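Labels run A, B, C and D following the written order; every chain starts at residue 1.
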Amino acid sequence: GLGGCVLTLMEYGFVDFIISTGANLYHDMHHALAMSLHRGDFRTDDTQLQEEGVIRIYDILFEDKVLLDTDAFVREALKSLPNHPISTSELHHHLGTQLLQAGVKPEYSVLAQAAAWNVPIYTSSPGDSSIGMNVARNALDGSLLTLDPLADVNETTAIVHHATRNGVIILGGGSPKNFYLQTQPQLWEVLGIQKGGHDYFIQITADAPHWGGLSGATPSEAVSWGKIKPEQLRDTVVVYGDSTIALPLLTAYTVSKAQPRPRKELFLQRKALLKELHSAYETGKLSRP
Amino acid sequence: GLGGCVLTLMEYGFVDFIISTGANLYHDMHHALAMSLHRGDFRTDDTQLQEEGVIRIYDILFEDKVLLDTDAFVREALKSLPNHPISTSELHHHLGTQLLQAGVKPEYSVLAQAAAWNVPIYTSSPGDSSIGMNVARNALDGSLLTLDPLADVNETTAIVHHATRNGVIILGGGSPKNFYLQTQPQLWEVLGIQKGGHDYFIQITADAPHWGGLSGATPSEAVSWGKIKPEQLRDTVVVYGDSTIALPLLTAYTVSKAQPRPRKELFLQRKALLKELHSAYETGKLSRP
Amino acid sequence: GLGGCVLTLMEYGFVDFIISTGANLYHDMHHALAMSLHRGDFRTDDTQLQEEGVIRIYDILFEDKVLLDTDAFVREALKSLPNHPISTSELHHHLGTQLLQAGVKPEYSVLAQAAAWNVPIYTSSPGDSSIGMNVARNALDGSLLTLDPLADVNETTAIVHHATRNGVIILGGGSPKNFYLQTQPQLWEVLGIQKGGHDYFIQITADAPHWGGLSGATPSEAVSWGKIKPEQLRDTVVVYGDSTIALPLLTAYTVSKAQPRPRKELFLQRKALLKELHSAYETGKLSRP
Amino acid sequence: GLGGCVLTLMEYGFVDFIISTGANLYHDMHHALAMSLHRGDFRTDDTQLQEEGVIRIYDILFEDKVLLDTDAFVREALKSLPNHPISTSELHHHLGTQLLQAGVKPEYSVLAQAAAWNVPIYTSSPGDSSIGMNVARNALDGSLLTLDPLADVNETTAIVHHATRNGVIILGGGSPKNFYLQTQPQLWEVLGIQKGGHDYFIQITADAPHWGGLSGATPSEAVSWGKIKPEQLRDTVVVYGDSTIALPLLTAYTVSKAQPRPRKELFLQRKALLKELHSAYETGKLSRP
C-alpha cells in the first residue's frame, strides 16, 4: 500500500488535506489495529477463499474476521459522535483519534496520524465502503447521526478559497479527482467568486483521455472548466502508470530535496475558513445574485 | 451519450434502479431543458475555449451559460424540498418531477422519465457534481436540507434484500460499482443477514484487473467478498471496451429478443422494503448481536 | 477469430492486400485443415495444460498435435517452392494454393481464399511464427529457400505507388501497422518520389498514444512523417477497443451499404507494378540522386 | 530513450543478445552521428510540423534532414556488405562497426557499442524501418544483398539451445517478444529437441492479457506452449507500466547490487553454436523424423 508514502508526506508538512475513497481509509484501520494482512497471488481460487472465509483485494488476503473486528471498532467509535449530520472530516478525525487511543500501531495508520497532525480527510462518497455501511447500520438502530456531503463541499471549497496557491497530486481518478477539482467551479460557477483555477496538477493514472471520462480527462480539459489556470497548463503533469511505482519515487525525491514545512493543521481552522467563504459569497451575491 | 439506451431499457421494464455519478445526472438535465450541446473535436485549444466561455467534456462542447442556467433550475427546484436530510433517490425523483413539469423535452431525460416511471436513482457521491454543489450553496444560505448517504445505503440494501435474484450491468467502474456490490456485504458482514451474493454480473469497462483497484476487479474477486454467488461465477461477463459501443449493442439485442416486463416502480416501495430489511436485521441480531 | 470478416471483405472486393503477423496466418491454416480448436476459459491451469499437451491462446485451446500436423503440412508445401529468396506474398500464395488443393475446408481459410482471389498477403516479420520456424528448419536441412523482406518492402511500395488513393484498416498495431504506413516515406524519403501520404486511415486499437510507441501513435503524428495527407486528417478514425467487436460491426455495415467491387487481383500484377516503381525511382534519381 | 540503460547493462555483461524493432536501431544511429533531436510537446500541430519539415515521435522532434542523412549513412555502409542473404545480426554488427569508425559519438549508440562488445542484435521484422527501407532501395539498384529471417531464427535458437539457463527482459511486446519466446517451440515442436522452456521472464508492458494478443499474454499462457518452464512460473514477473520508468529503476538496482560479468561475445560464436544446434537436430531426427 501507499500508506507509508502518505504518512511521510504528511509528517513533512507536504499534505494539507486529503480526499480519499472510504475503502482506503477503512482498510488503513487494520494497520492501526495490528491485524494480519497477507500478500498472496491474484490467481488464487476465489470460490475456495470464500469457503474458507478469506477475503481478497487483488493480491492481498485476509480473514473475514478482520472485517468483522474492524466493523466492531467503527461502531464502538460511533457511539461518541453527535446525533446529527457531520462532515466526513469530523468522522475521520474522530476515528483517527480513537485509533490513537486504542490502536496498537497507530503510527502505521494514515487516519490516526492525520488526526494527530490535524490533517482533514474527506471522502466524496460517504456511504460507499464499510465505514459508511456501519454508519448506515447505526442509522437503522435509530441514530440521527449522518454524514453531510454538503459540509464536505463547503469545507473543501473554503480551504481552496483561502489559499494563495492551490494544487493537487491525484492518485488514480474517479470521484475523489472531481471532488477536488470542482472546488474551483464551486467558486466561480455556483458561488460567484472569481479565483481563476488551480495552480498545480499532478496526476498518476492508469486511465486514458480517449475513453472520455473524468478519470482520464486531461488537465487541458480542466482549463475549459476553469478548474486549472490556463497559464499553469504547461506545468501540469500526467504520469501514466501505477501509483504504487510512481508515488514512492515522488516521495523519496521530495523528502530528499525539500525542507519540511510547518503543518497547516487545517482541521482546526475549518470554521474560520467557512466564515471567510461565506463572507465572500455574500459579497459576490451583491454583484451576481 | 448513453441516455437513449437507458431510457429504452427503463421503458421496457429492464431497469429496476440506477446508481450513477452526479455528473451523468446533472448533464442529463440539459437535454430535458432543450439546451444546446455540440459535438466537437477533443483536440480543441482549451485555453481559447476558456476565454470564450466554452466548456469541454472530451468531444462535447457547450457554453458556460448551460451550466449557469441548469444551476438556476436546480436551485429553484430545491425550494420545494424539505428542510432536513433526504436520500438521493428523493432528490433525483424531485428533480425529475420538476423536469417533467417545466422541461421542454423531458422525454430525452433519464432523470425525468425515471421520475415518471418511479425508477429510483441513487448516487454514491452526493456532493460530487454540480447538483451537489448547488445543494451545498443552499446549505450556505442556511437551509438544513442535506443528502443522507446512509439512507441510500439502507434503501439499496433493502431493494437487494427483498429480491429473489439480483444482478447488475456496470458501465465503467468507480464508486457506483462498489455501491451496488457492497449491498451483499452490508447484509452478511454488517447486518448479519445471509443472502449469498448477487446472481448476475455484467461489466463493461476500460479498466483492467492488474492495477489492483476496485473498478477493474474481477467478478471472481467479488466472490471472495460474498458479493457474487460462487455458483454464478461462470456466467459473469466482463466486456473490455467502451460502454458507448457495447451498451447500444446490448440494448438493441435485448429489446429485439426479450418481452417488456412490468416496471417495478421501486421508488414507491422504499418504505415497505426498508421495513422488511429492518425486521430481518432485528431477527438476525438475536443470533449474532 | 476475425477470419470470417476478412473473408467476406475480400469476397466483396474491399481488400486489395493484407499485411499480417505470421501467427494469424499459421493458425488460419488449422481451419482449412479442419483441425479442432476449442473455446475454453482463460483462467485454465496452464501447467496442467502443458502436462496434457494442450496449447492455449487466451481462451482458445487445442492439442499440440494441431501444431505438429500443421507444421508437417507447411514443410510438405515448401518442397515445391524454389531454392532461392522469395517474397512472403509468394510464400503465402503458395501455402494458400496447397490448402485449396489439399485442405478439407479451404472456404474457412483466409490464406486459401486469398490465393483463390489473388489477394497478396505480406508479413512484416517473416521469421516470427511457426511458418517462419518451419522454413528455418528447411534451411537447416540445406535449402537455399529464404524469405526476402526487401521484396516485400518493394512490392507493397509499388502497390501504393500505383494507386490513385490509398488507405488502410489497422487491427491492433505493431510491426504490420508501420509496414503499411512506411510505404509513403519509402517513396519520398528513400526513393525520392513525391506522393503526399495515404488518404484513409482507420485504426482499431487497445493501445494509447501516451505510451509513445508506434502502435498507439495517432494519425496526426503520421502526418508529420508524410505518412498521411494533412488534408485528410479530419477524416481519420481511431476506435479504442477490441477488433473482435469493432470489425464485425464495420463488416456488417459495409456489406449492407456498399456494392461489391471487382477484385483487383494484385498478386498477378506485382511485376508490372514493380516495374512502374522502378521507373519512377530512376526518374526521381535524375533530380535527387 | 532507454539507450543509456541498455548501454550500461551491456557494459556490465548483463545482456547476451538483443532482439529489437528496426526503428529503435535506426533512431539510435542519430546519437552516434551527433544529430540533433529535441524534446517537444506531443500536442504540437502536426500539419504545421509537416510543412516545416519536422518529424515527430510522440514528444521527440527533429528535422527531416536527420532522416535523409542517416539514410545516406546506411546506404554508404551497405556498399561494404556481401551480395547475398545475411542475418540481421551481421547487418547490425556491420552498421555498428561503421558507426564506431565514422560516428562522432559512438559511445551513445547501442548499435556501435554492441558491435564493439560483440553483442549480437536481431530484428524480427527486417524490412520494417528505415534501415530495411534503405536495403530495399539497394535491392532496387540491383544488389542481391538481402536479410535472411531464417538465419536469425536459427542463430537465436542456437544461442538458447547452448545455454544452461535462459531468460529475457521484455520491454513492450509485439513481434520481438514472440521472436525470443518461440526459440523454445522451435526446439521441441519443429526440431524435435527437448529443452523444457525458458527459465526467467520479466516483462514491462502497457498491454493487458484480456485483449487476447501475444503482447499482453501472460507467462502462464507461455507455459502451455512450452515457452516457459512450469516450475519457474512463480518467479516470472509482469510489470504493467512504462518501460521508461521501470527499466531505469531495474538498471540502477542491478548495477548497484550485482557484480559485472564477463561479456559472452556471442556474435563471434554464432557459427559454433549453429553447428551444435545442427548436430542436436540431426540426432533428434533419428528418434522423431
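The rule we apply is simple: a contact is a pair of C-beta atoms (placed from the backbone, for glycine too) under 8 Å apart; a residue touches a chain by one contact, two chains touch by 3 or more.
Keep in mind the model is a prediction, meaning the values are calculated, not measured.
Engineer: Comparing the two chain pairs, does A-D have more C-beta contacts than C-D, or is it the other way round?
Structural biologist: Pair with the higher count of C-beta contacts: C-D.
Engineer: Given the pairs A-D, B-D or A-B, which one repeats the contacts seen at B-C for over half of the pairs?
Structural biologist: A-D
Engineer: Taking the mean of the C-alpha atoms as each chain's centre, how many Å separate chain A from chain C?
Structural biologist: Centre separation, chain A to chain C: 50 Å.
Engineer: How many Å are there between the centre of chain C and the centre of chain D, using C-alpha atoms for each centre?
Structural biologist: Comparing mean C-alpha positions, chain D is 22 Å from chain C.
Engineer: How many Å are there between the centre of chain A and the centre of chain D, using C-alpha atoms for each centre?
Structural biologist: That gives a centre separation of 45 Å.
Engineer: If I count partner chains per residue in chain A, which residues reach a count of at least 2?
Structural biologist: Where chain A meets two or more other chains at a single residue, that happens at 43, 206, 208-211, 220, 240, 242.
Engineer: Which residues of chain A touch chain B in their complex?
Structural biologist: Going by the criterion above, the answer is residues 21, 23, 42, 46-47, 49-51, 54-59, 64, 67-68, 71, 85, 124-130, 132-140, 146-154, 157, 172, 174-175, 178-179, 182, 185-186, 189-191, 206-215, 217, 220-226, 230, 233, 242, 244, 277-278, 281.
Engineer: Touching chain B in the complex: which residues of chain D?
Structural biologist: Checking each residue of chain D against chain B gives 43, 208-211, 238, 240.
Engineer: Looking at the complex, which residues from chain D come into contact with chain A?
Structural biologist: Contacts found on chain D: 43, 206, 220, 239-242, 245-246, 249.
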